[in-house]
Each structure stands twice: as structure tokens, then as C-alpha cells.
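In the two assemblies presented below, chain A is common to both, partnered first by chain B and then by chain C.
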Partner chain A sequence: MTSISLKGVTQMYGSECAIHTLDLEIASGEFVVFLGPSGCGKSTLLRMIAGLEQVASGRITFDEVDVTSTPAAKRGVAMVFQSYALYPHMTVSQNLSFGLRMTGHPRKEIARRVERAVNMLKLGDYLQRKPAQLSGGECQRVAIGRAIVQEPRVLLSDEPLSNLDAELRSSMRVEIAALHRELGNTMVYVTHDQVEAMTLADRIVVLNDGRIEQVGTPDEIYRLPKNVFVAGFVGAPKINMLSGVVVAAGSENGGLSLRLPSIDSIPLAPMHVPVRSGDKVSVGIRPEDIAIDQSSKLHMLVSFVEQIGGATNYFGDVGKTRVRMSVSGAVHFSAGDRIPVRFAAERFHYFDADGQRLTSEAARA
Partner chain B sequence: MSLIRIVLRYAVLVIVASVFAGPFLWLLSTALKSGAENIFQYPPALIPREATLDNFKRVFEALPFLSYFLNSALVAALAVSCNLMLCSLAAYPLARMSFAGRQGIFLVLISTLMLPFQLLMIPLYTIAVTLGLNNSFLGLVIPHACTAFGIFLMRQAFMAIPHQLEESAHLEGVTRLQIWWHVLLPLVKPTLATLAVFTFVGVWGDFLWPLIIIDDQTRYTLPLGVNKLAGAFGKDWRLVAAGAVLSIVPMMLVFLFTQRFFISGALRGAVKG
Partner chain C sequence: MRAHREWHETLHRCVPYAFLTPAMLLIGTFVLLPMISALLISFSEYNMIEAPRFVGLEQYRRLVSDPFFWNALLNSLLYLLVVVPILTFAPIFLAVLVNRRLPGIAVFRAIYYLPVVTSLVVTGLMWKWVYEENGVLNFILQKLGILDDPIAWLAVADTSLFAVMAVTVWSGMGFYMVIYLAGLQSIPKSLYESADLAGVSRVRQTVFITIPMLQPYIALVAVISSIAAMKVFEEVFIMTNGGPLSQTETLVFFVYQNAFVEFDMGYASAAGIALFVVTLALSMINLMLSRGSPNTGITMYR
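What follows is the complex of A and B.
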């Protein structure tokens, strides 16, 4: 097991800065997921850890040992690629053992490692097949197997499930999680799929434009997003962002409400308000934190309904503000209906004009 | 597709095929005609009245044609092997490694394609003689051993292979030479076949360079043999035609057996280029 440390790491492509000065600590045996939109630098960062790309500046250490200039082959890392990168002219068995054969490992050792991977990933039936004769999921299992036989200190995965269909992706997620439990080695995993990130990670690193936006457990990332980007990127349907002014509104609800340009004022919860009267804020509210409440004065005009099995997503307008609401259970309303809705003010996320999260402490300071 | 279009298409194909196959068929017809038949008759007759293999027999009696054939085979085998090996070795860094001047080196290599052999003939001869390579098989092979065209073709083929394959092997601790041999070369077999055919055809049919570098008749290749046949039996074109057919047949066989690879490889080079 290996801990990884990135200190002041940057990457440049010509005059373009792909990774801005970045610090990150990954604990030994941890499963860390790099999450972010396309082009945010997550794969670049992974390749820098692998040694497939040189860093422009900064230091990368494995177990306190500087590996910044160590060639990829000597770092003890293995990588699973999105495209599987299986050797098409070799059988599964040859694919698994290729690296070990080329580096002169004894036959018995090769057989032991291959057998272990084959058993772990249930590849026994495909050993004599070539990649072209395998399905996407089987190919990906072989790719993972090829990484495992290296017995790497760090296992890196670059969007390994992106080419699979939804069902296979879901089952492979479970297999990867089980694999990590069994192997116990440090894993760094890149994805743009938040479900993958939330279900697999011990910690998620949210990246945007070559910068780390937030590092935290899946729960922290979801419940306490550090800024508007993280709040917007994590969660489906996307979080509702309402911009308005905090106003004094009598003694009810601690005396504060959020006045929105196109909606009636929304009362704010007294115990959870990190703002003062007159503040201009953005308030984020998750779709599942909006509920149907017959007693509410606010109404949502439904324009689109999305039935996803266990829940129903409603898309519509409250006043002139577009709102997404997620309600567990089956469809009760359809497009054109007016639904009385209540915003759970105690679940509001407050962000300042720069998009940074406001905490009660920050507001009082 | 309408019938007219099909007929038109086949008509064009037959005309083009006749243009290309016509000279060879005429050559074959001449080689099969007996001495009693006038090969210059008008209108020319493509089908011999009495086909005979006698001309082929006479060719072998007149000159050591088998020896010329073996010389050509040896030179072609050596040239093809060297060209495949050296061109793919040279192409690998140009396609897959980043180093200063890579593009410049490639441009210089490509620009040599513009130089005709006639321009290089004299300096090449001087070098060969200085190195003592005249009248040797090595002297015949070396100009074909590593060609700019071959490097270009192999570079394009290597560039079409996904980088992840190489990176994956690299992370497994596989050396660059091992990657080249075990990962990349098996994946460019069609291009290797294409280059092999191009090189074989070039070397097998090469007349000018062997004419310059070889004096010793025991080292003659087939084109020199056919030329000698033309000189010695200039009045009997049946013999010359039989010798020419004998020298062409191996080339046709090589193409027939490799055309599957050759066509896909040639297309690959063209598209990726």
C-alpha cells in the first residue's frame, strides 16, 4: 500500500496551463476518485501520477519518496484505460502475462499471478479468446486483470467504464468496489460520472479547469459543497440556484426571508442562516429538498415530468424561476399542472457573490 | 443499379484491364508461339496456332537462367528483409517518440523521394566501389535496404495504432524494443506486406543498378539475363519473350499471395497519409 503526495504540481501545454499549482494527499489504501467535466484536467493529473506525462513543476512522492522524475515503468503503478488497450493480436492469457514475460519473471510466478487474477475476475472461460471475441465488459475485466497481475503499488483507472452500457457499468462498479476491498491497494480513479464517484470513492476530488474545487467524502461533497461549481456538478437532477436579497420580514422565521426577483419571498430557517438582512446571495436547493405541500403559497407550473422509477422529477417554473423538483414515488401530476410546493429552508446552501459557500461562522465573522 | 450502369461499369473495367494486361498477354503469346508462326503478322494473333513450351526450354539451354533466378531471389529476399526491418525501426521513433528535430528529420527523409535514381547513380556507384561492393550481392542489396518510402509507409502505420497500447506496455515495464517487436509490428502486418511487395517488385525488376554494379556474369540477376538474351538472340523475340515471362511470373505469384494484405495496407497508407 502506498500513499501519494502531490505538492505544487503544475502542467503546461505550450502557453496553456492544464493543471494549476495543485496540492493533494492520498492516503495509503485509499480509493480516490477524480471527478470533473471533460477537459478539467483529471486524466492529465492521473497520467502525471502514472509518469506518462512529465510535470512542469512541483513534486510527486510515493510513500515520501520523490518519484517526479522516475520513469513510469519504475513507479510500480498499473493503469486501466478507457479504451481497454488490450493487445488485439494476443489471447486473454497472453494479454495477462505479457508484461511479466517481457520483464523476465519466472514461469511459476507468472502462472500464480495470472491464476489469481483469473479467479478474482472470473476470466477462466475466456483465456484462449482474443479481445475481438469478447464483450465490452469482458474486455474491461481483462484490462483490470492485466493491471492486477502487475501487483502494483497504485492502481490507476482512466474512465474504465465509460464505454460500457448502463447495466454493465452498474455491475462493474460493484466488482471494482469488491476488488478494492480485496486488494486493499491505493486506487485513483478518473470519471465524469458522479454516480460512479459517489458509489466507489472513499474521497472525491472535484476538479474544474485544472484546479481542485473540493476534496471530501461523497457525503461531504453532496451535503456541503464548497462552491457553486461543486453544488452544480454533483447531484442529478442539478441543484436549483436562486439569486436574491435577504430581507427582514418581521418576527416570523427569525425575521429573515429571501426576496427573489420573480418569486414571492421565501422564508429562511432561523437556525441555519449564515446571512444578514441586505446580503445579496445565491441559494442552492437540491431538487429532493423541494416538496409538494398543499398548504404552501408557492406554486410550480409543471412543464415536463420525468419518471425514473423510484422517483419522479418535475421541471417547471415558480414565478419566473426555473425549478427542478424530485419526489419519491410515481407520477401524480403532468405538464401544465400547478403544484403547491415548499422549499425546505433548513437545507439551503448559501453562496456569496464569488460563488463560495457561506457558513454560519463566516457570516458572523 | 440500372442495367445500363452495370454494363457501362464493366465496359470501362474491361477496357482498363485490357490496357494493363494487354502487353503481358502479348508477351505470353509470343513466348508460346513456335518458330513456324509469324509473330509480326497483321492483324496480330493473340492465341498461338500451336502453343509450345519449346522457347522456355531453349532459354534454359542458352543461358544459366536458373542461376540468374536464384541470384534475383537471394537479392530480393535480402532487400525485402532489410527494408522491412530497417524501415520499421527507423519509422518507430519518428511515429511514437518525441525528440527535438523529429519533424525536420522526417521532412528531409521525405524530400529525398523527389530525387530520381539517375541523380544518385554516380555517387552511389563511387561509394559502392570505394567500399568494394561492386560485383557483390551486398552491393545489389544496399540501395534497397532502407528506403525513404518504406520509412514513410511504416511511420503512417505506426501512427494509426492507439497510444494506449504502447503506454500500457510501457507501464508494465516492457522496453521500447520489445514494444516495437511484440506489440507494434504484429499490428502493422498489412503495411509490412505492402512494403514487402513494393520492395520485391522494385528489386526484382531493377535493371539499371545491377547493370552498373555487376560485371561478373555469375552474379547476374534476371533483368540482366533477359537483357543478355535480347543481345544474343535479338532476332528471335520468342526467346526474349519467354525469358521475360519467366522473370515476371515470380512477381505475379508474390502479388497474388499477398494481395489481400497489400490492398488493405496500400489503402491504409494512403488514407492515413
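What follows is the complex of A and C.
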């Protein structure tokens, strides 16, 4: 098991800065997921840890030993690639043992490691097949097997499930989680799929435009997003982000409400507000924090309904404000209906004009 | 209504043939027709002035007993044995070399490709001067102390054919390099990165990843270069004119000599048919060998 530390790491492509001065600590045996949109620098960061790309400046240490200029082969890392990167002219068995054979490992040792990987990933039936004769899921298991026979200090994965269909992705997620429990080594995993990140990670590193937006457990990332980007990127359907001015609104609801550019104003919870009257803020409201309430004065005009099994997503307008609402259970309304809705004000997320979270300890206590 | 639909369907069926007609006409006129006429002429005696006279298999009988034909055939086969392996394998290493991301590598690629786009007449003349007794090659070899006395490379029986072969290799290398370069660039980079992480050396990566992945390209180059080797003419015509003492006379040159110098069209056609049979046989062997090769499809996963 190995701890990883990145200190002041940057990466440049010509004059373009791909990774801005970045610090990150990954604990020994931790499963860390880099999450972010395409082009945010997550794969670049992973490749820098692997040694496949040199850093422009900064230091990378493994167990406090500087590996910044150590070649990839000597870092003791293995990587699972998005494209699997299996050798098409070799059988599964040859693919698994290739690296070990080429680096002069004793035959018995190779057999032991390959057998362990084969048993762990249930590859016994495919050993004599070539990659072209395997399905996507089988290829991915071989790719993982080829990485673990190296017995790496750190196992890196670059969007390993993105080429698989939804059902296979879900079952492979379970397998990867089980594999981490069994191997116990440090794993760094890149994905743009928030479900993968939320289900697999001990900690998630949310990246955007070459910068870390937030590092935290999946629960922290979801419940306490540090800024508008994280709040918007994590969660499906996307969080509702309403910008307006805080105004005094009488004693009935603790004195404050959010006035939106449209005619609507939304009451704010008296005990949980880190803002004052006159503040310009953005309020983030998760779709599941909006409920149908017959007693509410606010109404949502439904324009689109999405049934996703256990829940129903409604898309529509409250006044002139676009709103997404997620309600558990079956569909009760259809496009064109007006639904009375209530915003769970005690669960609002407040962000300042720069998009940074306004904290109130009381708010999330 | 039904008649209209039938007419429409007939028209629909004819459309592909309409598109194929121009190509079929061209191929028919300039390839198929001459081939058939060569086959017919090979059974006759024909000097391009008098009408052809049917002689049955006489020209083939002549061919079998002609030492110059056997000499030309052997020279062509020797050409094949020496030039094809070099042109099949050497460009791989050249391609690996120029596939690196080095500054100015595009200039090197262009330089290596230059002989391919240069007329063989020009390169033939150039190399003829290089091979002269007072040419550059002798000058360099003497300066390096490898030779004491200059050699007339194209005039000496032992060296002339190999000297011509060297020109074929030199002028073809760039073309095959480009084919391999395309092959190399179709190999996913992640295969090498995965090997890098496992600590596999660059040499082993070339032997165990690059060359097996290039196998379909190697088969292609082997076929193309074999056919090209059997058809060698310009280099011989420009540099040696088949000499000295027919030492560099190849099969195509033999056909040319009999057809357009001796005006013995029947005999030249019979030699042409023999060349066709040999080339066909070689292509079949190549095809069989490449079909038997292990699957290295570039589209790898389903």
C-alpha cells in the first residue's frame, strides 16, 4: 500500500495550462476518484501519477519518496485503459503474463500471479481466446487482470467502464469495488460518470479546467458542494440554481425571502440562512428538495415528464423560472398540468456572487 | 401500373452496370483485350509487318529450349529472392525510426520518400554515374580504404545484377516505409504505454508488439514487392541494357528485347504468358501464406 502526494503540480501543453498548481494527498489504500467533465485534466493528472507524462513543475511522491522524474516502469504502478489496450495478437493468457515474461520473472512466479488474477476475475474459460473473441466486459476483466498481475503499489484506471453498456457497467462497478476490498491497494480512478464516482470512491476529487474544485467523500460532495460548479456537476437531474436578491419579507417566515428576476419570491428558512437582506445570492435546490404540496401558493407549469422507474422527474416553470423536480413514485401529472410545489428551504445551498458556498454551520447541522 | 413498376425495377437493376461501364470499357480495351491477344499471338509467328501465322505450341517449345529465357527467368527469381526480403523488412525499421516525434522528422520522411516520386529514368542515370569507375561510390570506398582499385560495378558480371537490385531497393524503400508508417500509426498508443508501465524495453516492444501488429501490412508489402520485382525493367534498360552478357537481363527485359528489338512478337508473347504464370503462382503462394497468418485485425474488440 502506498500513499501519494502531489505538491504544486502543473502541466502545460505549449502555452496552454492543462493543470494549474495543484496539491493533493491520497492516503495509503484509499480509493480516490477523479471526477470532472471532458477536458478538465483528470486523465492528464492520472497519467502524470503513472509517469506517462512529465510534470511541468511540482513534485509527486509515493510514500514520501520523490518519483517526479522516475520512469513509469519504476514507479510500481499499473493502469487499466479506457480502450483496454489488450494485445490483439495474443491470447488472454499471453496478455496477462506478457509484462512479467518480458521483465524476466521466474516462470513459477508468473504462473502464481496469473492464476490468482484468473481466479479473482473468473477468466478461466477465456485463457486461450484472443481479444477479438471476447465481449467488452470480458476484455475489461482481462485488462484489469493484466494490471493486477503486476502486483502494483498503485492501481490506476482511466475511464475503464465507459465503453460498456449500462447493465455491464453496473455489474463491473460491483466487481471493481470487491476487487479493491480484496487487494487493498491504493486506487486512483478517472471517470466523468458521477454514479461510478459516488458508488466506488472513498473520496472524490472534482476537477474543472485543470483545477481541483472540491475533495471530499461522496456524501460531502453531494450534501455540501463547495461551489456552484460542484453543485451543478454532481446530482442528476441537475440542481436548480436560482439567482436573486435576499429581501425582508415579514415575520411570518423569519423575515427573509429570495426575490427572483421574475415575479416569484421564495421564502427562506429562518434558522438556516447565512445571508442578509440585500445580498445577491444564488440558491441551489436539489430536484428532490422540491415537493408537491397542495397547500403551497407556488405552482409549477409542467412542460416535460420523465419516468425513471422509482422516481419521476418533472421539468417546468415556476413563474418565469425553469425548475426540475424529482418525486419518488409513479407519474401523477403530465405536460401542461399546474402542480402546487413547496421548496424545502431548510435544505437550500447558498452561493455568493463568485459561486462559492456561503457557509452557516447551523445550516447543515 | 404493374408494367410501370416492372420497368422501374429493370431500370433500377441496370443502374449499377451503367456506372461500371466506363471502367469496364477501359479495363477491357487496355488490359483484357491485350491479354487475350497476347495469348493468341503466342500461338503464332508475327513480326508486325506480315499477318500472324499460326504455329501452335512452337513458341513455347522454343522458350523451353532457349538458355537466354532460362537466364532471364533465373535473374528475375534471384531478384525476387534478394530484393523482396529486403524491401519487406528493412522499411519497417525505417518507419519505426521516422515514426518518432522528433523535430524536423517530416523532412526526413520527405527525403526518404523522394526516390519514389523521382522518375526511374532519372534515378537510373544518376546511379549509373554513381557506379562508374570514376564515380562517387568507388571514390568513397577507396577513401574509406575498403577498395584498392575501382570497380566498374555495372560492367562486371558478379556485381552488375546486385548493383541494379540496390537501385530497386533504394527507390522502393520510401514507398514501403509509408505503408508501414500508416500501419504503425494505426497501432493504439495505449498498447505501448501499457508495456512501458510493465517495464518492457523498447526493443522488445518492437519485436513483440509492433511487428506482430504489422503482420497484415507485411503480407501486403510482400505481395506488392514480389510483383514489382518480377516486373523490373526501367533500371535494367537505363543502366545496363541487360548486359554485361545478359547478366542483368530480367524476364520483362527479355520480353521487351524480343518484341521491340527483334520484332518476334509471337515469341515475346509466349515469354509474357510465362511471366504471367510465374507472377500468378507467386501471388497465390503469398495469398495463401498471408491467409494462414494469425488474426491481428486492427479492429480488435467486439
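FYI, the second predicted complex is superposed on the first by the 359 of 365 C-alpha atoms of A that agree within 3 Å, B and C clash if a C-alpha of one lies under 4 Å from a C-alpha of the other, contacts with A are read in each partner's own complex, and residues count from 1 in each chain.
Criterion: a contact is a pair of C-beta atoms (placed from the backbone, for glycine too) under 8 Å apart; a residue touches a chain by one contact, two chains touch by 3 or more.
Fair warning: this is a prediction, and the values are worked out from it, not measured in the lab.
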Room on chain A for both chain B and chain C (clash or fit): clash
First (chain B), second (chain C), both or neither touched by A:A132: second
Chain C versus chain B, contacts on chain A by residue: C
Which of chain B and chain C A:H89 touches, first, second, both or neither: both
Which superposed partner A:L52 touches (first chain B, second chain C, both, neither): both
Partner chain(s) touched by A:R342 [first = chain B, second = chain C, both, neither]: neither
Contacts of A:F81 with chain B and chain C, given as first, second, both or neither: both
Touching partner for A:R116 - first (chain B), second (chain C), both, neither: neither
Residues on chain A lying within both footprints (that of chain B and that of chain C): 50, 52, 72-74, 77-79, 81, 83, 85, 87-89, 98-100, 102-103, 146, 150
Residue numbers on chain A that touch chain B, as the complex places them: 50, 52, 72-74, 77-79, 81, 83, 85, 87-89, 98-100, 102-103, 146, 150
List of chain B residues in touch with chain A within their complex: 162, 164-165, 167-175, 178, 182-183, 186-187
Residues of chain C defined as touching chain A within the complex: 188, 190-191, 193-201, 204, 208-209, 212-213, 215, 294-298, 300-302
Touching residues (chain side chain A, partner chain C) in the complex: 50-52, 72-74, 77-79, 81, 83-89, 98-100, 102-103, 130-132, 134-136, 139, 146, 150
